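Chain nomenclature is as follows: A, B, C and D, assigned in order of appearance, with residue numbering initiated at 1 for each chain independently.
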């Protein structure tokens, strides 16, 4: 566009051609500022999350909980907060934690939860006695089906290569039916749906899940008959964290990832909504001005 | 010969696989899986073509001192180092018998500390682009664009506390007009209908395209008898 | 030296110093990740040498990554390991005693045919491999799509338009089902190629376009959230893991 | 004549099976008696015995799988922990544990491996005997009688796929019929598609501006139907480009796609009478990692500043990154994909979008090849059939005939 043309433009026209980098700056701020300020947003716990929380809350001591990390780095920002919150809660209830993954990428993320949450916050938790990391095994839903029949045939060692029979907490685990609760994180394939269809339903084991907001609608139909509860996206994580804080006030001052992610998301949505409104207002001002000038149908 | 044999291969392979889908008995039942495995293997041979082409493109660039030729050196160095690390399993804790991406190997380190941040950052650019695209495109220019705008707006608003706050007054029989409820309805009903119509159209397109390929009507992918 | 060139050198010096300081304070690994992230993000401002560097590095590393994964993940266990297991005994001892599968000669031959295109006068023979791939795809997809996307969708959309529950006639659900039914029909009318969009048919197509537009708008709006969380993840890395400003 | 020998063999097999069963039952009874007499008085009552009622081959597969059913008194399920299922190759052979089933679940699906060399191989048409044990973990368990022989059989026709079979036949007939009638010169109307009409204009614009044209085939492999459709469109675009003498850039994600694209472009230049203008440098491989590919293509866009971008083929999350970058350089953008999740991004950020099926139709449109246009007509008939079936189905359900849904169900 030639220079004199730009000069002849009215303010409205100039604003309409707003440099997209300005929008980028706004979005970056919408994400970063809440993170830096540490703002959190309380989410009232909805029944589908509360049901999950109550189930864990009522688990007796030494209950066996299987946690499957079925997601990758790209969805980790959304799902890791859920894993952290549920691991915290289970550890408060003194449950035994069995961690595994049916996604290859889940293995590293299991490590993150162990290093960031379990080890620093629950130093009494001993590896092999209260928690174990079994690692990833290939086979998708076929793996789940086999685990329902025979757990140790697929997992002959843990992730570090220790023989499974030398791990004390694995002693009474023969198949998935020995668990009191199965939790799958991740709504992709394989994920919560496969855990419900191939373990929860045939084995009659309670299954709970946490998934991205995008895949949550596909899983809602399984609640409450086949899923004890479901956390969907940052909102689900924030709701669970809220329930956790209500029940365990010692977490009140702890930074909760889900609640802060929720702020970033909400503010970004507001920014985008603002720009959509702004753009349309300018567009209509521009059009009515053109009409006044007798130019019809001009669009920039 | 140059053209007939490939067309015959396509026809035979395609027809056999269609029939095999209805025959569970050996060896037909597994034919689809077997052929897919063959395809995976052929694809690895193709990596050689790709790698060779990559080296050729960037060497030419360096040789002819094309613009930005210096950066082609970066590509080649990255390629060669990563390739060597992977093929020879350099510093793999379990030696040559270990998993190629075993934790602690140079290959995995390069993956974790170079590949992953680059990939995640490229992916994260999307957050900015959804913003700029919606600013530009969601304008009430005509009926179609207005509907697009309204649908997107309802969904976006339904995701914020703002949506509920604006329409909290609507209770009782009008509760379905609360924006979060409306957003769910839009997702579950008209959105579903549209997706389904597109899916069926695509299915028919794929079916027709596959038939054209098997029957040899669609043959551009085989090129001409030029050489 | 021109002014722009000066600025470029100043920026370059600044980046190098910042990099060195960061390596000293935070360690090399997190620094590399952080700088590569910033280089990619700098593309949002405009194209620049730092983005070019990250881009070219990414291309080289990723191409080699998939070659290695293909070699060790597919070629060795699935081709050599099946064709002649003792050959891979040195790297995959578990496979050594498996019986050979002579049929695996087929992909080997096709793979070699594919590579023939590098030969000056036998390039045409690589089309045989291609014909095999395309034929396989066509055969598999033909039945698969008919089954899961065509017949199954008839099943999914065949529901009652009139819904009554324990409380009597369910107006909301009935409306929703009618909207889905009409939406699917009109959406399909829009996709008719060989009939002019005129009259009643044209009206149907118009409704179809509207349904499609709602779908596109809704899907777009819905995805925004997931994209934002990706960015949050990156920012947490930059400001938390690297700069230590979070917490 | 030819049935005599197999018939004889089957009869013989049947006879053998019957006699073996008879002997087995006899033996079993005697063994059972022995056990009963030997049984010592115990502190805890054993649970009731399960009774195996059937062992059926699973239909519509290649064999190697059996389902075992048994009866068990409902009221006793609370007393036991689970069932164990054992299998042997003869009634008095070695019984091996196959797996377990929950206490309220009276069937077991025995999945053997179909690979002869696998440890878990379950041979077809072989006599297999089963027994089920009701297990009480801290007490005596009770064992069913041995049942069998049961056989796993491979089938030659998948009965659950009959609707699919019929549909395949109908479609093939339609397609062949319309291609034939097109071949006879029958004129076929096709409605205009904005995205297609814009192709010529977009190429012309690039020529006027003296800028190149970028053609992105997406991140599919040569085995994706969308990529195959895109090849055909690439052929037409390349021919026009060659005629107009504009530059064409085709960065590729997959090496096989690259080699096909090279062939296609080369042929198109030849057809346009300008084979000398083609060089392999135009169609090149970038990398086969999704986001690295996008990074590379973005770089090409901002440095070579194409006037027209085509994005046709299979796309995933990168669609919006490409389309927004293309928009920022002011290029005309024509996109098309069969990925339902990505269509909205193209619709929002590109000038023209071919929605799903339109991408496949585009190859027929651009070439105006009567054979290809004929197949479009067949697609429309497919849609019409779908709509009729849908209307019929809704009516059927309204009048309470649920059977219709069963007809259009695929049982896998």
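Annotations
Criterion: contacts are C-beta pairs under 8 Å (C-beta built on N, C-alpha and C of every residue); 3 or more make two chains touch, one makes a residue touch a chain.
Remember, it's a predicted structure, so these values are computed and weren't measured experimentally.
The chain with its Cα centroid farthest from the Cα centroid of chain A is D. The busiest chain interface, judged by C-beta pairs in contact, is B-C. Measuring from the averaged C-alpha position of chain A to that of chain C gives a distance of 21 Å. Rounded to whole angstrom units, the spacing between the C-alpha centres of chain B and chain D is 17.
Computed centre separation for the pair chain A/chain B is 23 angstrom, with centres defined by C-alpha atoms.
The set of chain A residues touching two or more other chains comprises 20, 24, 27-28, 31, 73-74, 265, 268-269, 272. Annotation for chain D: residues touching 2 or more other chains are 161, 164, 168, 171, 222-223, 225, 228, 256, 259-260, 263, 285-289, 291-292, 295, 303, 343, 345, 347-348, 355-357, 361, 376, 379, 382-383, 386. Contacts with at least two other chains are made by residues 40, 43-44, 52, 54-55, 58-63, 65-66, 114, 117, 127, 130, 133-134, 136-138, 141-143, 146, 150, 153, 157, 181, 184, 188, 191, 212, 215-217, 219-220, 222-225, 228, 230-231, 233 of chain C.
Contact residues on chain A toward chain C in their complex (touch as defined above): 21, 24, 27-28, 31-32, 35-36, 38, 73-78, 212-214, 233-234, 255, 261, 264-265, 268-269, 272.
For chain C in complex with chain A, the residues that touch the partner chain are 44-45, 222-226, 228-233, 235-236, 239-240, 245-247.
The touching residues of chain B, when paired with chain D in their complex, are 18, 21-26, 29-30, 39, 42-43, 46-50, 53-54, 57, 60, 67-68, 115, 118-119, 122-123, 125-126, 129-130, 132-134, 136-138, 148, 195, 198-202, 204-213, 215, 217-218, 220-224, 226.
Taken in their complex, chain B has these residues touching chain A: 116, 120, 123, 127-128, 130-132, 134-136, 138-141, 149, 152-153, 156-157, 159-162, 187-188.
Remark: chain C residues 29, 32-34, 36-37, 40-41, 43-44, 49, 52-75, 78-79, 90-93, 103-104, 106-108, 110-112, 114-115, 117-118, 121, 123-124, 127-143, 145-146, 149-150, 153, 156-157, 172, 176, 179-184, 186-188, 190-191, 208-225, 227-228, 230-231, 233-234, 237 touch chain B in the complex.
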